[in-house]
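Each of the two complexes below includes chain A, the first together with chain B, the second together with chain C.
And now, the complex of A and B:
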């Protein structure tokens, strides 16, 4: 049942994405100043929002783990973090390619870009640290603390374009600077990518459960030996 | 010329995004297979141990 749900969710997301591609590439006009390259925004922005959504889920689950010592909460936290990091990397890479075309440079140590880079490094640290700790309770506790600490960077990334003058373009979503048709295409792509991301989290969650079963069987095998 | 350059970078951007996501899906599938194999091996090992004890 759960397998079918994962496949259905992933397929529905992929179909929605393909349908939206038609709109993005063949219906929407080029942007007046940037030309065709502006279409990267339809992947760059949803990837960032999806990453932050999953980091927020990880934050809630980390707090739940610290409060109730629930291993399920820890499993959801790690699955959400891993998929969140993938989307955050997509955001950084697409942004860098857009920057090379528009600014003429691959990278700049701008507040928005640097804080996003730090965010990816913090969550990568979380993922690298976990396998190094063998005791599940200790691993869950340290991971939860790191996840809560790492999430402190998310509001900094989000508000950096308001707080400081940055080379990164200013906010267009909340200010209504984006035409309605483009905003809708962005919303549809966000929904489609979120469905694919959620399917990936569910797959990762399943492998986390198998990993835990393996760990408990190993402990059992050691006790028997 | 500018248009062609624009499309080239758009292609690079989208290709990179999909490569990262597809690469991660392959990583998940490989990891899943490896874990399933390991789980089967451990179950057999513990099952054999229990049978030997009996």
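And now, the complex of A and C:
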């Protein structure tokens, strides 16, 4: 049942993505100033929001783990962090490609870009530290604390384009600066990518459960031997 | 003994043992000098643009040599299972944290006091008194994050690798603010305009992470 749900969600997201791509590449017109390259926004912005959503889920699950010591919360936290890091990297790479076209450079040490990069580094540190701790309870506790520390960076990324004058384009979503058709395309693509991302988290969650089962069986075997 | 007394006792114990062995501060001071030497090859050390880079240089030295001290903060308790005893002692976690942070702060300041004049001589920079609050606030940021992560990684395999991997990304907002402020102040500016924004970021960082560390330290140490 559960496996079927993952497959269904993943294929639904993939189908929606194909439909969106048709709309984005063939229906929507070029943007007046930027030309064709502006279309990267339909992947760049959703990737960032989805990454932050997963980091936020990881934060909630980490707090929940500290409060209730449920290993399920820890598993969800690590699964969503991992997928969140992937989306954050997608965000950085798409942004870099856009920057090469519009600014003529692949990278600039702008506050928003730097803070997003720091965010990726923090969560990579989280993923690197986990395997270094053998005891599952200790691993959960320490990673939960680390996740809380790491999340402090997310608001800085989010607000950086308001706090400082950055090279990164200003906010377009809240100010309504986007034409209706483009805003809708952005929303649809966000939903499609979120479905795929959620499917990935569920897949990762399964492998985490299997991993734990193997670990506990191994311990059992060691006790009996 | 109340909790503050316990914190002071822990700090004094750490400082006394450091004063006798000098293992962390000696290493940190010499490492700071080595970094100052190596950085001089990266660009023209007496050139005009040195003022623009001085802030960054100084904080790279502080942050890198600081890890040598912060790495030891909890690791020094591993011998003879002293850490277990410390956790079992009737002392609240936050007092333990504050004691550890205070002793690390003193050691860091000692290293900084030694490397500051050397830095000024090597790179032809004139030091100003307005730097003092920036150095105190920036060092506190280093110490708070460093001591928390030192507690976090004390029982982890590859502890020495983990700590730098975790603290530098976390410290980035504080380091940027300290670097900018130091550079601007060495350039003759005062606390106004953009510098106030940087100062706010630095103070905000200190407050948020001190609060987080004091709240979470019990969970980190006891589990």
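Here, the second predicted complex is superposed on the first by the 225 of 225 C-alpha atoms of A that agree within 3 Å, B and C clash if a C-alpha of one lies under 4 Å from a C-alpha of the other, contacts with A are read in each partner's own complex, and residues count from 1 in each chain.
Heads up, the rule we're going with is that a residue touches a chain if its C-beta (ideal position, glycine included) is under 8 Å from a C-beta of that chain, and two chains touch if they have at least 3 such contacts.
Just so it is clear, the model here is predicted, and its values are computed rather than measured.
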Checklist entry - Touching A:47 in the superposition: chain B (first), chain C (second), both, neither? => result first
Item to check | Contacts of A:98 with chain B and chain C, given as first, second, both or neither | outcome: first
Checklist entry - In the superposed arrangement, which partner chain does A:73 touch: chain B (first), chain C (second), both, or neither? => result neither
Checklist entry - Which partner does A:185 reach: the first (chain B), the second (chain C), both, or neither? => result neither
Next on the checklist: Quick one: is A:205 in contact with chain B, with chain C, with both, or with neither? Answer first, second, both or neither.
Outcome noted: neither
Item to check | Which superposed partner A:116 touches (first chain B, second chain C, both, neither) | outcome: neither
Checklist entry - With the two structures laid over each other on chain A, which partner does A:194 touch: chain B (first), chain C (second), both, or neither? => result neither
Next on the checklist: By the touch definition above, which chain A residues appear in both interfaces, chain B in one complex and chain C in the other?
Outcome noted: none
Next on the checklist: Help me check something: in the complex, which residues belonging to chain C touch chain A?
Outcome noted: 148, 152-153, 155-158, 162, 165-166, 169-170, 172-173, 197, 208-209, 212, 216, 219-220, 223
Next on the checklist: Can you tell me which positions in chain A touch chain B when the two form their complex?
Outcome noted: 34-37, 39-40, 43-44, 47, 83, 86, 89-90, 93-94, 97-98, 100-101, 196, 200, 203-204, 206-207, 210-211, 213-214, 217-218, 220-221, 224
Item to check | chain B - residues contacting chain A, complex | outcome: 2-3, 5-7, 9-10, 12-14, 16-17, 20-21, 24-25, 28, 31-32, 35-36, 38-39, 42-43, 45-46, 49
Item to check | chain A residues within the chain C interface of the complex | outcome: 66, 114-115, 118, 121-122, 125, 128-129, 132-134, 137-138, 141-142, 144-146, 148-150, 152-153, 156, 163
